[in-house]
Amino acid sequence: MIISEKEKRTTAYHEIGHVLVALKIPESDPVHKVTIIPRGRALGVTTYLPVDEKHTYSKEYLEATITYALGGRAAEKVVFNNFTTGAGNDIEKATNIARKMVCEWGMSEKLGPLAYGKNEEELFLGREITKHQDYSEKTAQDIDEEVRAIVTKGRNRAEKILIDNIDELHRLSEELLEREILDAEEISKILKGEELPPAKRNGMHNNSDTKEEEVPEHVKKLMEKKNIKSPEQPNTDKGNDSN
Amino acid sequence: MIISEKEKRTTAYHEIGHVLVALKIPESDPVHKVTIIPRGRALGVTTYLPVDEKHTYSKEYLEATITYALGGRAAEKVVFNNFTTGAGNDIEKATNIARKMVCEWGMSEKLGPLAYGKNEEELFLGREITKHQDYSEKTAQDIDEEVRAIVTKGRNRAEKILIDNIDELHRLSEELLEREILDAEEISKILKGEELPPAKRNGMHNNSDTKEEEVPEHVKKLMEKKNIKSPEQPNTDKGNDSN
Amino acid sequence: MIISEKEKRTTAYHEIGHVLVALKIPESDPVHKVTIIPRGRALGVTTYLPVDEKHTYSKEYLEATITYALGGRAAEKVVFNNFTTGAGNDIEKATNIARKMVCEWGMSEKLGPLAYGKNEEELFLGREITKHQDYSEKTAQDIDEEVRAIVTKGRNRAEKILIDNIDELHRLSEELLEREILDAEEISKILKGEELPPAKRNGMHNNSDTKEEEVPEHVKKLMEKKNIKSPEQPNTDKGNDSN
Amino acid sequence: MIISEKEKRTTAYHEIGHVLVALKIPESDPVHKVTIIPRGRALGVTTYLPVDEKHTYSKEYLEATITYALGGRAAEKVVFNNFTTGAGNDIEKATNIARKMVCEWGMSEKLGPLAYGKNEEELFLGREITKHQDYSEKTAQDIDEEVRAIVTKGRNRAEKILIDNIDELHRLSEELLEREILDAEEISKILKGEELPPAKRNGMHNNSDTKEEEVPEHVKKLMEKKNIKSPEQPNTDKGNDSN
Amino acid sequence: MIISEKEKRTTAYHEIGHVLVALKIPESDPVHKVTIIPRGRALGVTTYLPVDEKHTYSKEYLEATITYALGGRAAEKVVFNNFTTGAGNDIEKATNIARKMVCEWGMSEKLGPLAYGKNEEELFLGREITKHQDYSEKTAQDIDEEVRAIVTKGRNRAEKILIDNIDELHRLSEELLEREILDAEEISKILKGEELPPAKRNGMHNNSDTKEEEVPEHVKKLMEKKNIKSPEQPNTDKGNDSN
Amino acid sequence: MIISEKEKRTTAYHEIGHVLVALKIPESDPVHKVTIIPRGRALGVTTYLPVDEKHTYSKEYLEATITYALGGRAAEKVVFNNFTTGAGNDIEKATNIARKMVCEWGMSEKLGPLAYGKNEEELFLGREITKHQDYSEKTAQDIDEEVRAIVTKGRNRAEKILIDNIDELHRLSEELLEREILDAEEISKILKGEELPPAKRNGMHNNSDTKEEEVPEHVKKLMEKKNIKSPEQPNTDKGNDSN
């Protein structure tokens, strides 16, 4: 896969967008590693490290996840004032979490502690299931508004974080363009202004570094809930998917 | 399954939320036992003891059930001012009961003694059934409003009960954190301010104590009615499901 | 099946609610027998005796049927000011008849002599049929309003009859609680204030008395019309179904 | 099949309602015969005689057909001020013709010469077809209004004809009750006040008289058009179907 | 097939309606022949002759086609002030073309150069396809209005042409009644007031004259586009279908 | 396939419409070749040359693609003030891209970074999937408006480019009519006013020139995304499809 310099640059900023937003929100999963070495259809990947195994998720954690998921797109907006199709997965992920917050987990004040759309599905063996919405157009509209409000709030918060930390965004992105991979320690050093040892990996595409990251189990669970179309690497923000 | 102290604490308050709300409403099933020893995907479970086998359910009983189902979430709100995804099952249960009160049992003054959505399903052998709503958008909106009103009333009532009894909520939750299991008698003693014998179970995960509680038959029946997606342990409020 | 005294009492009043309303409306089928000896899932059953075989049904007959179907629920309301889930079948039956009056039999002045929803169903062998509504949301709303008006009128009429005859309601219900079965003649005597011979059946659960009543053929036909989900004993008002 | 005197009487008026309305509208098919000897599920039948085979149908002919189809119900209304379920087929027939006038034959000024609902059905062998409406709710509402207007106009016209000719309605109905069958000639004589020969058929259920009337071919064609659920004897108005 | 004089007359005027409208619009396909000798279910047929094979169709050509398709119905209106069911096919054809103009070919100024309803259909082998509309009710309403406007414009134009040329309409129709078939040359002579040779065909039903007209290939293509339910002889206006 | 001079002319202008619009927008793929030698059902084809392989697509690139896709139709409008059915594919392509910009790629300011309609599809082996819209009518309306705004903007921009460069449009179209094929170099020379060597190909239908153009891989990917009904040659604008 040959990638143009322009796309590489967009990808680096996109990934650092995820990284920087996640770093600035205490409730986020900590960033583990970020890379712009292409893997499969993804031009870049950010992976996260869970502090401890979670079994339930707080509203704040979910809002944080939506926010750093939109961090990549926010970086494209803030730096290049443009969007690419590469944020499609991030958008889908953020929307799905927000919708479940409203429709399953009762986290919208307006809609209240009610379940929406969990209607009766009776499986007759070998026959199909048609899932119908079990609420009115009026309620559908309320749900849409709440979901849109949650995602938009995350978008705005991500953009604000990046604008407030624009220097760090540039510094990290340039370093990522140079080294292609950055781990948590290196990111930390860059942010503190410390010198990094010379990049060895650049251009080498060292296999051991790019081997598939383990997706944290607790994240898999969240995403595997039946209504989220589970992406292959759910808690990695694949910055710029090649479409 | 390793559970963080924070999740354990949230779970204890969630379960005691169910317990305390149920205790304060005369029409509720009496609490039998509550535990925060994890079982399957549930981090905690509250079980109830039916006084006598019921064949029909009064409106007041159903309202009580909705209220104590939302007691866990209410405790999270009142104590931590936050929500977790662990209340998803409680929310679904409360919504389903409220919807049936309105659409099948004629318990909404506004909608009247009419059946909504029980439309003709003719089963042609080996063919599928598509269930269509047989009422107008306007009626769907009325139904939504009534269902939302019933659930919201239960939520408010649960929160008020816990705020009015905030000391008991703390005392019971702390004791549950200490002992991991409390039965009806122990709960009663704690509430009366009596001394409990030293906790023997703590940390032991004694199997005989945690064996699957029998779900009361009369509750199974209510839940098994075809439109309620029967959860495995319907009349146990599994506080914080790990998702 | 063990039934609490409270449920038995509710059931007796529910059944006598059907009986008394039917007796007070000339167009009703005459009551044949009423029992609170449980049968299957039903806690009580009222059966009716057709005067002569009917082939068509007048609007007045249908309105009477809706009214006495709601008589059980009306009795719960008037006497206990509460509702139970046991009226679910009655509600479904009343709604179905009212809907057919509006949509098939042209008995609503507002909707006129039109058929609604009888749309083209072409059966291709071995394939399914999806039934779609063939009218607008506006019409669906008109239909809902008319159906609701018909059922509500029946509900109000049933409640008025019982309030106007509250003494008879108590007298008959107490006697039914005592004897568990009453036939038409006994009901008539009680209403006239005549002495009944001592109850022999009480507690005996005499099989010959409780054997399945024949459902009058003409009623089966009305109910078997394809859009009514035919209950097992359509013209018997099974008072308090155990759910 | 045993029929009560009351039902017989209702049936006679219902059938003569068809007969008299058809006689008074020049565009109607001429009445051939009318009977209240039950046949299958029908308590009475009126059959018509086409003057000549038609291949297309004028708007006036269709309006006449709707009007005399509703003549039976109009007679019940005018004479007994009540309705029975026996008019269900008549209502369906009138509605279907009116709907086709609007949606297929462009006979509504408001909706214009457009086809509504004839949307693309592609038959993939062995697979099903879902028919969706291809117009907006607004258009659906316009269609409903036009269809209702056409049918209501026919209803009003039928009632007016019967009120204007109430004596003939009584005279023919009484004679039909007496003789059970009347043919076109006898009807004509009664209307002219001529004496009929003594009824021979009364009570005899002479087979040769009641053998199945041939349904005129041109009527079969009109009704067999795919969207009309073809009743068994389309151009016979089966007065009071036993349901 | 025996056809009454009245139907024959209506058919002649209906067919000449097509002919005359097509002749007066330059963009129309030229008329090839017109006949009122019945063929299959059609009482009359007009066939057209394409000047040259077309691969694309201009907006003006499509508008012309809609207009002459409605010419038959317009003649019935103008001459007899009545409609028959025989125009059903014409109406469907005009509606389908107008709908495609709006929804596929971007020929409505209001709706713009967008495709409506061409949504994703993924064919899984051996499984069915449900086609859903992918636009809002508001858009559906806009589409309906535009389609109705296009068809209504064609209707008005057809009626105006016939009123403006009412003498020619009568002259051609009478001649067609006389001769049963007219070809392009004969039509032209009649319009110029020239004498025709004596009709040889009248009453003969000469087979060679009535053999199935070739449907021009370019027209088949237009109609065969997947959303148009292809009639057997698409570019022949079968005047009065026997229904 | 015989094509009239008029259609050939329309086709030439249609294709040059694509060419000229693409040339005038920097973000467009560069034009590779254009031809009016018919191929399959297409009367003309324009092919494009990607500068470098793209993996993601910017908003500007997508807007450019919509604009030059509508360039063919714009040329018909500007020069002939008419439309043909030949632009159906262009319209579908432009609509699909615009819809994905709004619903998948978060490129509408109003709708925000949310995914619309990507709802849960669970594939049960061997069973079908029904895709339902998961948003309200209100949102559907917002989406429609945004999609329409994007496409209309592209249409207006295409028309403006052609009006501003009307001389070049005529010059290129006339040359294409003459030579039937033009490659990028020849187009460039014509625009610079340079002399072209005498056309050799005219009328020859040289096979080697008309062999199927390779569709650039990166374009295939964009179009193959599951919601775009992939046309056979997606990044070639087949000007005037024969329908």
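The chains carry the letters A, B, C, D, E and F, assigned in the order they are written, with residues numbered from 1 in each.
In the analysis below, a residue touches a chain if its C-beta (ideal position, glycine included) is under 8 Å from a C-beta of that chain, and two chains touch if they have at least 3 such contacts.
Here the structure is a predicted model, which is why all the values come from computation and not from measurement.
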| item | value |
| --- | --- |
| Shared interface partners, meaning chains that touch chain B and chain C | none |
| Contact-graph separation of chain B and chain D, given in steps at minimum | 2 |
| Proportion of interface numbers common to chain E and chain F (over half same, under half different) | different |
| Rotation angle superposing chain C onto its copy chain D by C-alpha atoms, nearest 5 degrees | 60 |
| Maximum centroid distance from chain C, chain identifier (CA atoms) | F |
| Chain whose average C-alpha position is farthest from chain A's own | D |
| Euclidean distance of C-alpha centroids - chain D vs chain F, Å | 58 |
| Distance from chain B to chain A - Cα centre to Cα centre, in angstrom | 33 |
| Chain A, residues touching no fewer than two other chains | 127-128, 130, 132, 137 |
| Category of the chain touch graph - line, ring, star, complete, other | ring |
| Chain E - residues contacting chain F, complex | 52-60, 62, 104-107, 111-116, 118, 120-122, 124, 127-128, 130, 132, 134-139, 221-222, 225 |
| Residue numbers on chain D that touch chain C, as the complex places them | 1-4, 7, 10, 41, 43, 70, 73, 82-88, 90-92, 94-96, 98-99, 126-133, 137, 140-141, 143-144, 147-148, 151-152, 155, 226-229, 240-243 |
